[in-house]
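Alright, structures below, take your time with them.
Two complexes, one shared chain (chain A), two partners (chain B, chain C).
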Partner chain A sequence: MGSRQITEKSLSMLRSLPRISLQNIRDNPNSKLKNKRGRGQHGGDKHGAGNKGSGQRQNFMRLGYETGNNPFYLRIPQEHYYRGHHLRREYPPLTLHNLQKIIDKDCVDTSKPIDIASLIRSGFYNFSPDLKQFGINLTDEGADIFAAKINIEVQWASEQVIAAIEKNGGVITTAYYDPHSLLLLKNPKKFFESGQAIPRRMIPPSDLIEYYTSAKSRGYLADPEEISKERVKLAQKYGYTLPNIEKDSDYTMLSERKDPRQIFYGLEPGWVVNLKDECILKPKDQELLSYYNS
Partner chain B sequence: MNLCLRKQYIRPNLIGSLFRFASTSAEIVENDQVFIDDEEAQAREAEINKKRNISRLTPAHQNLVNGRKPYEEPMSLAHLTVKYNRKMYGRYGSASGVNPNICFPSKQDIQEKLEYEAIAYPFTIQQMMVSAAQKRKEENERIEKRDRDVAAKFAKLDQWKKELHDKLAKKTAEVSAAKEKKERLVEEVRRHFGFKLDPRDERFQEMLAKREKEQKKLEKLARKEAKEKMMIAKLQQKNVELTDAKK
Partner chain C sequence: MATVLRSQCAFARLFAGKTVQILNNATDLGAKLGPGSQSVLSRKYSNYAHSPFVTKIKEQYDYEIVKKPAEWAFVKRLLPLETIPAVTPKETYPSGWIPPKEEATSLPYFIARTKNHEVPIYLDITYRGMRKITKIRKIEGDIWMLNDEIKSYLKQKNGRYVETRVHEIGRFIEAKGDHVHDLMQWAYSKGF
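Then we have the complex of A and B:
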């Protein structure tokens, strides 16, 4: 009973109070940082810098220095297998099991060729080109339950993965993208809104040329005839009958590949895509055309 | 507390604003019916609209919120750059009033890009393929050569093992023989004195030296005899050969 009276009373009090406005509210306590140093006898004794030592003197030591101790970064012996780790390329893995899950959830359209852009759009894969990550490494976990017919383009794949995809009548290509192209593929909308022409894809570095030109790894620069031979060889090695793609109803989809200079499916380098007007601007200048076709 | 208060006040506010919208919209319709091109009425309408706008947003922010280009005129140096104008076109399309020509790289841009690419990608794919094949071949050759070396060495391994064992056995035999000899000498010296003597004793050392001398003499004699024997044997053999030749 008493509590009801209290609520009634407080509510009536509230009703009589003025409306909240900018004139009668104040900031939350401590929400604003004072950037002034207190002064006077006890105004700001140490000014937040602590007592004694390098803290008080605010001599910020170099990174890793431990005031005369044997510093941590020197205390541990060197590990030479980490040499050059900051230059190595990283391919964040995507398992075949996860790919199957993405397909089963219908988060990726298998009636169209799948590339890194569509996998990122599915929301189940992400990577950062600025951390020296160069795209998808499709791994063989779940290879025995993989059962989708797809045309997929990844950046790295093992022999087992290639076998698992080709066994189901699918097609796999390994393709290199330079970090800038990967940024575009990661967030195409952001790039299109910047109003730039789509650049060309750059050629792979010399230490990757072997992988991307070999038919065994289904490289995008390999000879298609060699690839079809290797497909048969791999089927014999793993003991499955290779489905005939030429007689497949999805032959046009399965035989679709990007040009080595192309970044997006259906869009050529040099084009400008405007999302607001829903239009594509294509260059006509001969110099531009020759640059983008080189 | 704040939130609670807000909830309480939001309802009457909403209702009030709804009424307000209703009344104003009716007025606008009436105005449209009457006239449009009267300057005074237009000015009044603008005034009303200005008063209606209680958002306190700057015009630029109002434009942004309503999906329009924020500034009609460049307000800073950044608004004169190609990058900004491209962005305006990319975001607001042809309504931005930007000539889409600037979206494409200029001749100078192309020249710069080509220059950069000439340095960043000095080799063509074909050239890189050739050099990669060469490198792979060299690597394989190196591995094969190493394999051959190892196989050749492995073939000799048993022989080398035997040699090493023999060498070690010989060394240990020599060492043990020398030790035995020394022990025998010491024993002989002890027997000579007839009692146990400290080997550091002077008499013992003297005796030992003497014994060793004798031993050395004996050895020398033995060697001499052996040599003589050898010589005799050789001579005899020669004689036999000579007699054989004569026969």
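Then we have the complex of A and C:
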């Protein structure tokens, strides 16, 4: 029987056989690994554990043990890069370039003051307060292309960033929020739906007081007069003419600030926001008022 | 602030529910005790679940309900966006982002923007950075013609032949290597 006959025979066989469909399709042989181990004299041989020794007996050495050597983890001197890492605060970065992109795409309204809540609302920034992340670190990447006039509140900013924003006639404030307040700013709708009263913002911890009271870092607890002096100083240092915001048409927007105890713009601590009936419950009790104003 | 006792604080429970936590810097709305509820405090219950509910609760704090308040604009500002806003045309875009142009629709092929108004060109890095593949997604129209154009453009840019792969059904093209910047420039120049 020649090869031509074989070909014809197999082709005729192929014609009579049913076509491949979802009904008769199956895996290639041995393409699936069985999850049962073989038993018996030859079926269950070594089961992948090899011959003799710790492999076969599954009594592996403890982690890091190097059979009589001075082990690696004791040979190298300790360097405490991560000492206290569980206490350190993290500020996830947002670049000025990204901020400009958000503004260009109209995902944030520059006619209103920008804070962490509005940046999260834009969908281009996110963070987790439960991972000890304390808000935005605005970084200087794209400082030379930045061209928006904004009133922004961030949690950390460098000198270059402050200069880039003030050069364009904007205002920047660095403000501290405690993790609970950040949780509310991250998802205000969820908080309003819980029906709780808006809490007070806590004051910064002792090691941050210096940063947030200093006019150089535009802290929210700094003296406004000192800040205006520092604005002029920074303009001289970086060599730009400082736009006069007092004569600006958006002066009311640019001068809008939150109270150090306030979490949301325009909403005072102690209020309960009812989203369903679109009303606000405001406390009148003297005890509550004094508590929230303290 | 004050610890939230169950007997003291039925009002807060009503507000918050069992699963929602009460923030520790919020006031405890039910903590104001009337003269009648003192006896509840003095008893020690073996279990939180065994302590009784307080049924008679007076109006504890004076408050006013402001309907249609002027501050509602501030609340609206905080609520999440329902859709991604459309971009209003501007004179300049300092970030380097460019809006899609009208002239791109007359070409035999088209690359649609993503929901975030970006050109869908991505870099896939696999095998620990050893393999880099540039992927162009959301292609409409004549995908093979687009492939030819990309090939000749990348050859002219890199001075060598660049392998590409067309997925006709998935409507995407993959090019071997990192050509994201080049292809972005090309897409912007075509008006996509």
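In the analysis below, the second predicted complex is superposed on the first by the 215 of 294 C-alpha atoms of A that agree within 3 Å, B and C clash if a C-alpha of one lies under 4 Å from a C-alpha of the other, contacts with A are read in each partner's own complex, and residues count from 1 in each chain.
The rule is simple: a residue touches a chain if its C-beta (ideal position, glycine included) is under 8 Å from a C-beta of that chain, and two chains touch if they have at least 3 such contacts.
Since the structure is predicted, the reported quantities are computational estimates derived from the model, not experimental observations.
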{"item": "First (chain B), second (chain C), both or neither touched by A:Glu287", "value": "both"}
{"item": "Which superposed partner A:Pro188 touches (first chain B, second chain C, both, neither)", "value": "second"}
{"item": "Partner chain in contact with A:Leu14 - chain B first, chain C second, else both or neither", "value": "first"}
{"item": "Which superposed partner A:Ile203 touches (first chain B, second chain C, both, neither)", "value": "first"}
{"item": "Contacts of A:Asp27 with chain B and chain C, given as first, second, both or neither", "value": "neither"}
{"item": "Contacts of A:Glu225 with chain B and chain C, given as first, second, both or neither", "value": "neither"}
{"item": "Contacts of A:Gly123 with chain B and chain C, given as first, second, both or neither", "value": "second"}
{"item": "Touched partner set for A:Glu246, first chain B, second chain C, both or neither", "value": "neither"}
{"item": "Partner chain(s) touched by A:Lys276 [first = chain B, second = chain C, both, neither]", "value": "first"}
{"item": "Winner by number of chain A residues touched, once chain B and chain C are compared", "value": "C"}
{"item": "Intersection of chain A interface sets (partners chain B, chain C)", "value": "192, 194-197, 202, 270, 272, 275, 277, 281, 283, 285, 287-288, 291"}
{"item": "Chain A-touching residues of chain B, taken from the complex the two chains share", "value": "2, 5-6, 8-9, 83, 85-95, 100, 103-105, 107, 110, 113-114, 117, 120-121, 123-125, 128-129, 131-132, 136"}
{"item": "Touching residues (chain side chain A, partner chain B) in the complex", "value": "14, 19-20, 25, 192-197, 202-203, 206, 209-210, 213, 221, 270, 272, 274-277, 281, 283, 285, 287-288, 291"}
{"item": "Residue ranges of chain C touching chain A (in the complex, touch as defined)", "value": "15-17, 20, 22-27, 29, 32, 61-69, 71-75, 77-81, 84-88, 90, 92-97, 116-117"}
{"item": "Chain C partner contacts - residues on chain A that touch it in the complex", "value": "97, 100-101, 103-107, 109, 112, 117-118, 121-123, 142, 145-148, 178, 180-181, 183, 188-189, 192, 194-197, 199-200, 202, 264-267, 270, 272-273, 275, 277-285, 287-288, 291-292"}
